[in-house]
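What follows is chain A paired twice: with chain B in the first complex and chain C in the second.
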Partner chain A sequence: MLLLYALHRLLGPRGRRWLIALVTFVAGLFYGLEYFYPAKGNPSANFLTKWIEPVSIMFSVIGFFTVGLGVYSLCHVHGRNVARRRPGWHNSLAFFLSMIAMLVFAVWEHYLHLPEPPPAVLPWPKGVYEVLFNGLFAPLQAATFSLLAFYIASAAYRAFRIRSAEAALMMGAAFIVMLGQVPVGMWLTSAIPASGPTAFFRLEKLGEWVMNWLNTPAQRGITFGIAVGAMAMSLRVWLSLERGTFFSEQA
Partner chain B sequence: MEQRPPSDLWQRLQQVPRHYIYLLLSGVIVWQLLAPIRLPILPSPPTRGVYDAIRAVPAGKLIVISTDWDASTQAETGPQTRAVLEACFQAGKPFALMNLASPMGAKLGNDIAVEVGKEYHAEYGMVWCNWGYKAGFTNVLLAMARNIPKTMGQDFYGKPVAALHMMQKVRTIRDVGLVIEITGLANMTEAWVGLIQGPYRIPFAAAYTAVMAPGYYQFLDSGQLEGMLVGAKGAAEMESLVNRPGAGTAIMSAQSWAHVLIIALIIFGNLGFVLTRAREKGRER
Partner chain C sequence: MGTLLHANWFMTALFGGMSAVIVASVLLAQRGRAMFIRRIPGLSGIEEAVGRATEMGKPIFFSPGLDGISIVTLQALAILSHIVRLAAERMTRIIVGICDPTVLPVAEESVRETYDSVGRAEAYRPEDVRFISDQQFAYALGSVGLMTREQTATSFYFGLFFAEALILTENGRALGALQVAGCPEPTQIPFFIATCDYVVIGDEYYAASAYLTREPTLTGSLVGQDIVKAVLLALMLAGIVLVSVLGPAAHLGQNFLVDLLAQGR
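The block that comes next holds the complex of A and B.
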């Protein structure tokens, strides 16, 4: 890794481009070969299999450096906002305050080593951490996401109009699935016997039928299309053919 | 551009101000959370699949539960996690929590396990453990398939995973009897199925938020998923199977009537739309 880093620093832009393309190609080739190369003896092992574990751990460690890069990038952007008093700089200040507070108390709490079972009165750093995490961070995130329910209710009311036969069909399917997913829907058709030829007309059964027989083939088709596209994209990235990456920006 | 106020009832039905809709929805949810109308919950086949898969794990094998969720989906994934853990404790199956994405899930899942574990007098490291958040996603899966203790390193509390009592006989993915993925994130299942369930034939089940579940029925149909919990409904159904009604059951009452309200609003809106159009057509004639 150090050798690669030293080479990266020493080479010019063209050399760096070739170095990165080579490392990307070799890394991709390793996983591809390991997966497709026929195994001898042990059905899940070939000559590359023993390297999967150390290579994967190495990539995990390299990947974790991106967390540091992310923190650096955030501090750089928000630091400039605060230093130059740009519009909304107080939001950037809030970022620094919350990040530092969470970082300090999370690390402090981690190294407290509380006895098992924990004492009735928690040490104050642990208490502060619990307030920050469970009392502030988690509810804020949950509240932001739960606002979606209100937007969806309003949007469904405004946008769902029977303007065509297809729209009517879609609305019918939506009603069946919406009611089939909740107990009140099951209750509505609870008079129909749970087994026998008429059981299909219970809302929960109709809902399952829509999901299994109409939704599944459509989703499978979409997934298949995405997979083919992802394969083509992966090939382009592996062979460093993709434009707009690090290389073209440098050029 | 300023919107003209609706002139008659049919037009008004199509243009109920959004504030009233928000207020109505809030009212229905609060009403059902405070004074719920309890209706029977029947476990669906996908939920029963998860429950049966947990109970079918052979003795000596471990269940791996990946809690890849955070507070944004906690209303659904939280009760799902609790119900799944209840099922594991009741069946006496040892399990390990882990986290591959949304690192917040490592703590939120741990908090639930600590709480539920106390109810079942389950000791940490003996019946359950938490491997914590591991960065690297697919690389972690590839590495853990061959060596779990080495890949996991330290657990959630900073102790070596290899030193935990319940991990003494766990070496590779072959020592795992079931993987349960609880998530609100796309692409987690694809990685588990591609790298673990497929190559090693490890039974795999999942719990998703209701909004993403439709995309995963295909894995259920193909047999790659043993079972699936769909949103709060899945959590409520699992709670009924383990006979421990909790947050999932409470949420279902609110969700039931919220769905009814949304359907009623759509019907009213369309009633106004159809009648207005019919009247306009009559005038044209």
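The block that comes next holds the complex of A and C.
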């Protein structure tokens, strides 16, 4: 990695583009070759399979260095807010306090080396960590997730307007599927026998049919298109054919 | 049926054939052959959206999704580059909120280079490409806070999104922002359609760079994709007929297509 970095700094613009293209090609070739080179045995493996895990770990470690960049970016933005007393600077101060508190107590808790099972009375750093993580962070995440229910209701209220034939069809399908999921819907068509040719007209069966026979094939069709598009884009990136967008214009 | 950990000869031949079609299409396009791309409303709405922000004198917000450096995010950054070019030419501020820290340096470089390329290097503000959080909902709330404080007129969501998509778009809608979204995750598309003004669906997402730049390499690749899809469709129809007629038998000779694709024999 150091050698590549040194080469990247020493070479001119044209040389750098060739270096990047070469590294990209070799990296992609490794994974492609591992997948396509004939594999033998049980579990099947070829001469590259044993390198997959170490290479993946290496990339993860390299990527982890960017966490420091993220922290720097946050400190830079919020530091300027606090230093210049911009409107809402107290929120930036809260960011620093919470980040430092979480960092200190998370690291401290990690190195406490508590015995298994832990003692009945926990050391106070562990207690503070539990309050911060399980008492604040996890419930905040859960609360935000729960907001989705209300957002879905408001989005559905706006979206389900019968303005055209397609909208009416969508409304009808949504009506059937939603009723088929709840006991009230099952109760509405409970008079229809559960087995036999008429069972299909029970709301839960109709809803199931809409999901399995209409919705799922449509989603799979979209997924096929996405997969082919991803394959084409992967080829372009691997062969360094992607130009003029996030790569340099000069390339 | 399980996932093939290693390709069998059929998958290798199929993938090789698909790649050859795409590369051949690219080469044909590079030699000057005109290739037609239909209008994609979601991508045509990008210029209108940037124009709206310019007229209102308010900034643009762009989110490249939750993923790290992947094909999805690279495509999002390609679209970001185009939007930054449009915004820079119109002297409109654009704020990029990053979730994965590995994307941060790439996004910064992409935005800075784009400002340089249109001769507006002085307009680039490093704090406008900022890391928010790598936690899903913290990122969503941080982005919403950013959009609310900055009163963004337009919001773009291109990349990989999950449950936080609705939080972002509902709040953007409440702000009165014009929203354009594109996500290759089929489960999120309905939420974007319900809340955004323009949505790029499915493989239109990967057609974006070709559509926006009209570069021969990219348009050729797009046409190659469509040919490959047609071939896959033919294979699927053949598989449907074979399974319907012969039955999904497991051993070789009775349903060779199922054997080839599912079990590697």
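The criterion applied here is as follows: the second predicted complex is superposed on the first by the 210 of 251 C-alpha atoms of A that agree within 3 Å, B and C clash if a C-alpha of one lies under 4 Å from a C-alpha of the other, contacts with A are read in each partner's own complex, and residues count from 1 in each chain.
One rule holds for everything that comes next: a residue touches a chain if its C-beta (ideal position, glycine included) is under 8 Å from a C-beta of that chain, and two chains touch if they have at least 3 such contacts.
Everything numeric in this text was worked out from a predicted model, so none of it was measured.
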Once chain A of both complexes is superposed, is A:223 in touch with chain B (first), chain C (second), both, or neither? both
Who does A:146 touch here: chain B (first), chain C (second), both, or neither? first
In the overlaid three-chain picture, which partner chain does A:77 touch, first (chain B) or second (chain C), both, or neither? second
If you stack the two complexes on chain A, which partner ends up touching A:132: first (chain B), second (chain C), both, or neither? neither
Answer with first, second, both or neither: which of chain B and chain C does A:206 touch in the superposed model? neither
Which superposed partner A:67 touches (first chain B, second chain C, both, neither): both
Between chain B (first) and chain C (second), which does A:156 come into contact with in this model arrangement: first, second, both, or neither? both
Per the contact definition in the header, classify A:176: touching chain B only (first), chain C only (second), both, or neither. neither
So which bits of chain A does chain B touch that chain C touches too? 44, 49, 63, 67, 140-141, 144-145, 154, 156, 158, 219, 223
Interface with chain A, chain B side, in the complex: residues 16, 18, 21-22, 25-26, 39-42, 44-45, 70-75, 104, 107-108, 111, 124, 134-137, 139-140, 142-143, 145-147, 150-151, 158, 199-200, 210, 214-215, 217-218, 221, 230-231, 233, 236, 252-253, 255-263, 265-266, 269-270, 273-274
Across the complex, what residues on chain A touch chain C? 34-39, 43-46, 49, 63, 66-67, 69-71, 73-74, 76-77, 80, 88, 140-141, 144-145, 147-148, 151-152, 154-156, 158-159, 219, 222-226, 228-237, 239, 241-246, 248-249
Chain A residues touching chain B in their complex are 44, 49, 52-53, 56-57, 59-61, 63-64, 67, 110, 116, 133-134, 137-142, 144-146, 149-150, 153-154, 156-158, 160-162, 171, 175, 178-179, 181-187, 190, 194, 204, 208, 211-212, 215-216, 219-220, 223
Sites on chain C touched by chain A in the complex: 5-7, 11-12, 15, 18-19, 22-23, 26, 68-69, 71-72, 74-75, 77-78, 80-82, 98, 101-102, 104-106, 110, 113, 117, 126-127, 130-132, 134-135, 137-138, 140-141, 149, 163, 166-167, 169-170, 184, 186-187, 189, 191, 193-195, 201-203, 205-207, 209, 213, 215, 217-218, 221-222, 224-225, 228-229, 232
